[in-house]
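Read through the structure below, which is laid out as structure tokens, and then see the notes.
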């Protein structure tokens, strides 16, 4: 049954093709069933494949399937072939599972939109491309999925194409990520030139053989791959596209810009961990980038007014945690945070979508409030999501994953203490901005009257995700709390286990966990203090003055947009202002010269026959004279 | 024995024809001058033929004659057209082909 | 013989000068005819009797007649000159020159030198053989030249008459 | 004889297409399509028969036809079909049909003459792809030009005179240089052996002095670069592509540009391998400049057809880059890029032409928001924009990436520069989509969507794009022997190396292991 693997990406693709060609002729109900059904069957297939995979699991760590040879010429052999191991199975499970829930949710959320079929077509295409990305056996096929998800992201951000700003946001997302993709592609060129192969496993085993740790080429390739990952995962310095990407419909933000696509960078680095292990300096860079991004994004999230932008910045910040974990070599911790994050962030986005839906597409949190009683389902699920994101201890999944990351940072031999403190501060900020949202949106007086609780198709996924956001964390619990290691045992077959500093013991782990708990609770408490209506400082902070320079700086994501505008965008527009070809000017000049010469010569053409006769005579005489000489 | 003076005469006639061609503005005179020049050329051929006792000179004369006939028939047709159109025989008036 | 040549040369030269200097086309044409006849005489003296005959028949005859026709067709343009064309001094000059040539021809007949005709016969044969032998291409070309001449003249003349009617 | 039929079918069908106008409007169209379809089938038949590869001279010809013509000057009617020409002839016939389908509604005057010219031009192109006698090659090279010129000047748009004149001047100047070089080669052959020869195989064996070889190589290079086109000879292209009627533009972009690339592969490289070695970096540099320069200009355009035209120049840069990279992989990429570019620009020009036909303007500023008005057109435009920006899974991607993979070993810096072109490709392709189909609607006229004929045509191209994008073997396995031979022929070049192989890799490992303590 494991040979059904190829069906997993093909099923959503079939859905896409059906919707693309016959979408116009299907009823809404049929569209939704095709759209959700294709992803749902993919999820079921995943379950079947996974069952088969686990049957033989520890003995046979990976499963390889080649459909056909994609490129097979002149020393290059690349197949359309799938590679299933613990890591990709995890990704596939998340993509199909969360993807299915979001599809179901969208069936109701998008119900009144003109482009219903188009929406599901794009979403199905996205799922297919994302599955290709994670299942790819070779880097070229991975690149196919990589670009494919980029395209779908572009299409879905610009889904409401009549708004020019949305189009700009979509283009921005595609172009910024394309810069990363290009670096990634150059990395592929180098790897292929060196190892005559693009198979992920082969390349890495050859790299380990050929390159010593810290060798130049390994560093260069790792940096190039990192740029690619940074672009996709919206990390510094290519993070600017993600907040604008919120222009797309909310389920898109949930699926693409929270749960799956933006974590592709994490997947890439984890997938290429042998390579990154050869470049320890690059790993440090990853850790620092992750830390800086998580702090910048978290601080920006605190002051955003648009509910989706808050979540966008929080996504950047959470992916920053994953990068941090990758940077310190805690591969499994990063993936664990990916798992919990995709549950609670998808939940948060969907719940936010539910809020937006019932408030008639109002996204400004200052125009919300008091929704607790009107939208109880939404409130409770949102609360669970926010709690998980802030890492409320013991009961939420976010706590276990974040704790694991911070513990790894604390105990890793390739980390520094200040990184840990930074991450801890980030955890505090996470609590602050998560609960700022809760208090702003669900407490206080009602500013916009909601239309009422959404229907079953939207509530169902919310509840399932809320359940997951609470329970997924129990897959991995630290020594101090039960010592469950299901997740790390499972992933240890695909990723190396985290190294610990010598001499670290359980008591220090308990102390560290206490610090994380305190930080998260401190953040929540601060949020309550500052934003809970009726509390001490709320009146002073309620009419947050947004024109203060530091506030604008924070709201604009630390001014990166403006910086890039000055550095790249404006020079580029200056460069492309004139549609004229300078080389063509040269030829035109030649033509003008020829024309004027011709004009000058044509004065000799008087039209007088006698003049012509005379010139003939003179010419003849001159020729005769020439012969005479 | 007579060929040398005949050649001299040919040159003189040719020069006269050229002078006529260049100096007269009346298109009819220009055609006459052309005929003179053609004749001068024919004379030169005949003289050459006589000098070497060969028939080629006369054959060339025949060709020149043919050429002249064809030329004159077309040229006079053109003269008629031009005079009809421009109401003048002034060759300088027919300068629509100038650059 | 030589003196005959020089006289004929002088006649043709003078007549040619008058052709290019005269103001009346008909006068000029008359002078040109004289010049052509003088040339024909010179051809004869150079031993090209056939050429001489053609010169008179085709050049002095056919081509010049064409010119005359055209001058007459151009009537309206030259109508005021019509009267002056027929004044005595218009034909006095050509007549004198023609008389000189007539005298020359008379002298030649009187001298009774008929050997030329025999030579002419053999030469004629040579010309014909050469013309339809090595020069056959030339003859073909000449015919190709004459055909467009014919068509061109016809076409140009026809256009004129049609436009004339149109006016 | 089959090879001659390939050339003669379109040429002989041309007068019938002309006459067909008397019978019905559609008769010329069907005659032209029929002729091309028969041609295509014939080519498939000839190419797919199991031939023993004839090892005559330097060509591994699948089919060869040799008839004497003017023996005194060493000119013969020598045609040869190998994998490369096979692929290109199929492409020619296919794009020809696409061009005819694209003109279905646009061409309403002198329909018969239009299709007559199209068939003549295509016959010339097929002749170019088959001729391996240089004199014959040049004959066809010129034959395809005149009908193209007439197509532009008779059925073109407002500025057609200027454009067609420019087109003719540039291409003729290039041809002239080429002619001089061809004649010089024949004369050099006479010097060396006592009798002149225009035959490919004979000329391959000719050894030239290095100075002479360099000049002749330059002449061949320029002749083909003009057609390709590569900077600085590209400026005829935007004007021509913009002003030509859609069908002619598709032929120009889809096929005629390929004749330049074909010439480079068939003649310039194998005839002057030594002389090329000095020029390889310069020519590859030209390719890089072409890719980047044209991409920047494409971003600056406001006229949709000019945008596509510049993007087309940009894509042709990859061909130049790969053709001179000297690795088999890059050469295979070039072939793929030729086919892919033919398909993608063909599709884009078809759509741009359809837009122009509907709105009587090419200015993207006056469009916008057309997605809801013409959804089919918009969807297909999106598809081809993706193809043009090199989205994986499409044939363009395979072409571009094979070129890049193949050239990286020899010219890493250039490839890194070219990679910026990929970002720019995204900018102009998406910019085109945004300004034309997304955003607010400027022109509220309701216009018909793509007709069934046009939609079917575009869909067919799209399916081919995907098929070749996911299964490029269909093309690559056909041309692989040819490219192997080409690399061998150019093997004298010191700068060139083969694509990395297993053995190379292991030696690399050994060397590295030797270094590390």
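Chains here go by letter, A, B, C and D, matching the order in which they are written, and residues are numbered from 1 within each.
Rule of thumb we're sticking to: a contact is a pair of C-beta atoms (placed from the backbone, for glycine too) under 8 Å apart; a residue touches a chain by one contact, two chains touch by 3 or more.
Because the structure is predicted, anything quoted here is derived from the model rather than measured.
Shared contact partners of chain B and chain C do not exist in this assembly. The pair with more inter-chain C-beta contacts, choosing from A-B and A-D, is A-D.
Chain geometry summary: the mean Cα position of chain B and that of chain D are 58 Å apart.
If you average the CA atoms of chain C and of chain D, the two centres end up 67 Å from each other.
Averaging C-alpha coordinates per chain places the centre of chain A 92 Å away from that of chain B. Between the CA-based centres of chain A and chain D the separation comes to 38 Å, rounded to the whole angstrom.
Counting partner chains per residue, chain B shows two or more touched chains at no residue at all. Multi-chain contact residues of chain D (touching two or more other chains): none found. Counting partner chains per residue, chain C shows two or more touched chains at no residue at all. If you draw each protein chain as a dot and join the dots that touch, you get a simple line with two loose ends. Pairs of chains in mutual contact: A-B, A-D, B-C.
Chain D contributes residues 231-232, 234-235, 238, 296-297, 299-303, 306, 327-329, 331-332, 369, 371-372, 375, 379, 382, 386, 391-393, 398, 401-402, 404-406, 408-409, 412, 415-416, 419-420, 422-423, 426-427, 430-431, 434, 437-441, 470-473, 476-477, 480, 483-484, 498-502, 504-505, 508-509, 512-513, 516 to its touches with chain A in the complex. Against chain A, the residues of chain B that register as touching in their complex are 18, 21-22, 25, 27, 30, 91-92, 94-99.
Residues 599, 601-610, 613-614, 617 of chain A touch chain B in their complex.
Those residues of chain A that touch chain D in the complex are listed here as 20, 24, 68-76, 80, 114, 140, 143-144, 146-148, 151, 154-155, 158, 161-164, 167-168, 170-171, 174-175, 178-179, 181-183, 185-186, 188-190, 192-196, 206, 209-212, 572, 575-579, 581, 583-584, 586-587.
For chain C in complex with chain B, the residues that touch the partner chain are 1-2, 5-6, 9, 12-13, 16-17, 19-20, 25, 28-29, 32, 35-36, 39, 42-43, 45-48, 50-51, 54-55, 58-59, 62-63, 66-67, 70-71, 73-74, 77, 123, 126-127, 130-131, 135, 138, 142, 145-146, 148-150, 152-153, 155-157, 159-160, 163-164.
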